[in-house]
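Take a look at the following structure, please.
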Amino acid sequence: MTAKPSKQLETFPNPNPQRDYTIRIESPEFTCLCPKTCQPDFATILIEYVPDQLCIELKSYKLYLWSYRDEGAFHEAVTNRILDDLVAACRPRWMRIEARFNVRGGIYTTVTAEYRKD
Amino acid sequence: MTAKPSKQLETFPNPNPQRDYTIRIESPEFTCLCPKTCQPDFATILIEYVPDQLCIELKSYKLYLWSYRDEGAFHEAVTNRILDDLVAACRPRWMRIEARFNVRGGIYTTVTAEYRKD
Amino acid sequence: MTAKPSKQLETFPNPNPQRDYTIRIESPEFTCLCPKTCQPDFATILIEYVPDQLCIELKSYKLYLWSYRDEGAFHEAVTNRILDDLVAACRPRWMRIEARFNVRGGIYTTVTAEYRKD
Amino acid sequence: MTAKPSKQLETFPNPNPQRDYTIRIESPEFTCLCPKTCQPDFATILIEYVPDQLCIELKSYKLYLWSYRDEGAFHEAVTNRILDDLVAACRPRWMRIEARFNVRGGIYTTVTAEYRKD
Amino acid sequence: MTAKPSKQLETFPNPNPQRDYTIRIESPEFTCLCPKTCQPDFATILIEYVPDQLCIELKSYKLYLWSYRDEGAFHEAVTNRILDDLVAACRPRWMRIEARFNVRGGIYTTVTAEYRKD
Amino acid sequence: MTAKPSKQLETFPNPNPQRDYTIRIESPEFTCLCPKTCQPDFATILIEYVPDQLCIELKSYKLYLWSYRDEGAFHEAVTNRILDDLVAACRPRWMRIEARFNVRGGIYTTVTAEYRKD
Amino acid sequence: MTAKPSKQLETFPNPNPQRDYTIRIESPEFTCLCPKTCQPDFATILIEYVPDQLCIELKSYKLYLWSYRDEGAFHEAVTNRILDDLVAACRPRWMRIEARFNVRGGIYTTVTAEYRKD
Amino acid sequence: MTAKPSKQLETFPNPNPQRDYTIRIESPEFTCLCPKTCQPDFATILIEYVPDQLCIELKSYKLYLWSYRDEGAFHEAVTNRILDDLVAACRPRWMRIEARFNVRGGIYTTVTAEYRKD
Amino acid sequence: MTAKPSKQLETFPNPNPQRDYTIRIESPEFTCLCPKTCQPDFATILIEYVPDQLCIELKSYKLYLWSYRDEGAFHEAVTNRILDDLVAACRPRWMRIEARFNVRGGIYTTVTAEYRKD
Amino acid sequence: MTAKPSKQLETFPNPNPQRDYTIRIESPEFTCLCPKTCQPDFATILIEYVPDQLCIELKSYKLYLWSYRDEGAFHEAVTNRILDDLVAACRPRWMRIEARFNVRGGIYTTVTAEYRKD
């Protein structure tokens, strides 16, 4: 019950590294601050990845998303940063992020980025 | 662009006080903290009211909802408090609040309360 | 093909005045300007009424809605005014208006008003 | 296979006249001509009724709706006329018609009328 | 595994006869034959009732619906007959049947009937 | 993290007992065993109530629902029993339960019961 | 009626082994226990496969899924294990599993894995 | 009006054999008997094909589907058999069948097969 | 206002012939007569095309579809004919037609054809 | 608060130019005038692009769309022009526009165009 927001992502060993398979985690509760207006932004963050040796631990991922709650973050930059952080943490064979931001000024923005191991 | 969260609700004169009519405002971006776990809670807040002499000014209402972002708040208490604050601010002929909280522990909670002028 | 926006509403004789019946007209293409920001607002306007001796002529109603395209109009005031104008034009036994405005600042606003002949 | 459009509605004896019950028939394939532009109009016609001694025979009802295919008909008038014809044919205890016309000029029109035996 | 279609409805004692409560059973797999064309008809049968001393046993109800598979049955008559049979079997405080028949000749028919204990 | 299934329902003081308001809790994860076949049954349990002096504590309610996981339970009886247990625990001014069971034998069953304080 | 949960999967001869075709079986009633919290988890399990000489017998598959009811199982491991067990039982030409777990901590997880005969 | 169920499929000459095009026919009213329990099964049968010299005549296809009403038929076998019969009748350039069976024992089964002319 | 049904399709010069782009026009109001029963058929006609030098003028296209209102037309033949007529009129780089006919005899038919410039 | 419609599109540096990723912006509030009838047209404009060195600034894009409010614009030409303007402003690696216009004369039109850097 002493959970705190944290940029620290934890992992656990992939139970089936011999097989390519996909994990998809959808979080409709992402919120950060708009760097221009300082007002809250909201988004659904969707991650899909093929794990290699490590899987993302879900509770630490929840605390990781929470860590953006008081940070200013542009749509494009924060989407790429979350992808970079997740890739750095679990070194997947492939990963894709889709960030669907709530409407602002009558415009719905979605940013999508992908990582593929060489 | 210097907007800040604030419990201060503003109003403007009802342009048609001679007629009973209804204003409905739906905000899918309410977030507060769970007083037990300190973790974020999310809800959609739906207000419906029949104004008397005053209407709720929307921008101040947005800042008002924002003011709960860093506060601990139980579902039942915060729903009733928002109703009380809005009633105090605009003295409507009738008002109803419906707070639909995001699923927690596999359970979806919605709290609904109503005020009616005597 | 020389249609122009116009506040002039036309009517035609109710073909069945001996019976109470309902006409519902829904227009998803209403737009006006926000008096504060001068930026465009959008709404769906839904009218439901029981005609007495006169029905609203649809083409003139379309031009009537069009006439708000370059006018500043607050949500509450414009909804009540459209109701007043339609009531004045066709003197219905009963009429109800529902104006569903597009989201602004993360908030969806709907204004509903009703007229009933004494 | 020699079916022809016809205003002649047929009926059959209500198998359960001792009980009030409801029959609902929905026809998404009504079409007539607009008396102003002579162009086709389309509607879904929904009938709900409590039969008394007679029920509407469905095949004759289909031919009846078909009989409007080449006729000019205003929304309000044709809805009331279909109700009148059905009431005359089967003398129900109660009947309601809802005619949902396809969008024209950006406006969706629905006409609803009701008959109740004295 | 020797189930056979049967008009015999079975019941079991209502476990809570001291309280008025509602049981709703929906069966999307009703089929009978059209008495005119001898071709199959299909419907969803929806029963809602307040049991008195007896509840309908579901397996016998399934076999009961099955018993219509090779019988000719008009929409209005069969709906009323199912209601009568169920009422005779379990003597409910209140019962309602809604039979939604599949589209025939472009027309969707729904028959609804109700029983209320005196 | 030592949560165990338990029939023990906990409550907390209603923060606004002076006002009638409604709490709605929906749980799509109820499962018990069919007393006839011993096989698992699944349901969504929906509770709506007006609290008096006490509100149902959500975590204990989750453990309460969990306590049915290994119990045989008929649809009608278990729905009424859950209502009785909740009423006994929090003595509400009004409570309603709706239990929507998963399809069995092509039939969807929903049981609804209500309690009202005298 | 003496069905019991069992890891034993049964098969029957593919009636059309000369043709590649697909069988898809969707089970919205999978439940196991979370190994960390010991609390119930719920998922929809979707299997799609091209049978070779054997097809999965559905009743034994239902008992197989049931066998996880009292077992602790991580999302990623259990999905891969079900795939392995089904592949071992029926030796398909191709098989795919998709396990859609219910939301936990505001996060929806779906695990997808595939087997292809060499 | 003397239609009878029949395994005899009729065809008519393809009006445009010089062009590859697709015909899709969806029938939500397929029913047969389960060979194990002798109880009715229900399915939606979806056919998609590129005709060569012949098209399937729809009325005979309806009678063909009807011919399964009193036959026992396993999901996998009947799907492949319908495909074989249709291919034999109209010799298409390509054909695909999808049979979506109603839920049984909490499991939804869909069988899909394809034929391609060499 | 003197519009008449007409097989004459009009075109206008493609404003961007240097670029491949797609125009999609969907008409839910197509009706013709069944050549066998002489009764009305209804369909939604969906055209998608990459224009070359000419685009289809929409008003003439509407009158073109209207021209089938009193003509007998088989599903397969009329779909291919509309495609041929549109191709002849505007010589597109690519065109696709999808005709979704309303349910007849419990069967939904969709015909799809494609043209590609050599 | 002194925003004005403007054809001037602004950009900001792509925060992640080393990676191909996609930005999608959807605007349901586009309106212009029909050059033939001078009456308002409405559309949803959907842009998807892979930025190179520059991203489209959203507020200027909103003002850009607004600048069409009083301009006559044909569906095909305006869609291609918006694409050209956006490409000129931000020189993306790839861009796609989809303009879904509201129904006119019973016909729904969607225009789609794509740009790809050589």
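Brief remarks follow.
Letters A, B, C, D, E, F, G, H, I and J mark the chains in the order given here, with residues in each chain numbered from 1 onward.
The working rule: a contact is a pair of C-beta atoms (placed from the backbone, for glycine too) under 8 Å apart; a residue touches a chain by one contact, two chains touch by 3 or more.
In UniProt terms, the chains line up like this: A, B, C, D, E, F, G, H, I, J = NADPH-dependent 7-cyano-7-deazaguanine reductase.
What you see is a predicted model; the values in this text were computed from it and never measured.
The pairing of chain E with chain H is characterised as same-residue: of all residue numbers used at this interface, over half are used by both copies. Separation between the centroids of chain D and chain G, computed from CA atoms only, is 52 Å. As a whole-number value, the distance joining the C-alpha centres of chain D and chain J reads 45 Å.
Note: centroid distance chain B to chain F, computed from Cα atoms, is 28 Å.
Contact with two or more other chains is made by residues 28-29, 42, 102, 104, 106 of chain B. Of all possible chain pairs, those that touch are A-B, A-C, A-G, A-J, B-C, B-F, B-G, C-D, C-J, D-E, D-I, D-J, E-F, E-H, E-I, F-G, F-H, G-H, H-I, I-J.
Residues 42, 102-104, 106 of chain E are the ones that touch chain I when the two sit in their complex.
Per the touch definition, chain D reaches chain C in the complex via residues 74-77, 79-80, 104-114. In the complex of the two chains, the chain J residues touching chain C come out as 1, 3-4, 28-29, 31, 36-40, 42, 66, 69, 102. Taken together, the chain A residues at the contact with chain G in this complex read 14-16, 19-29, 51, 55, 58-59, 61-62.
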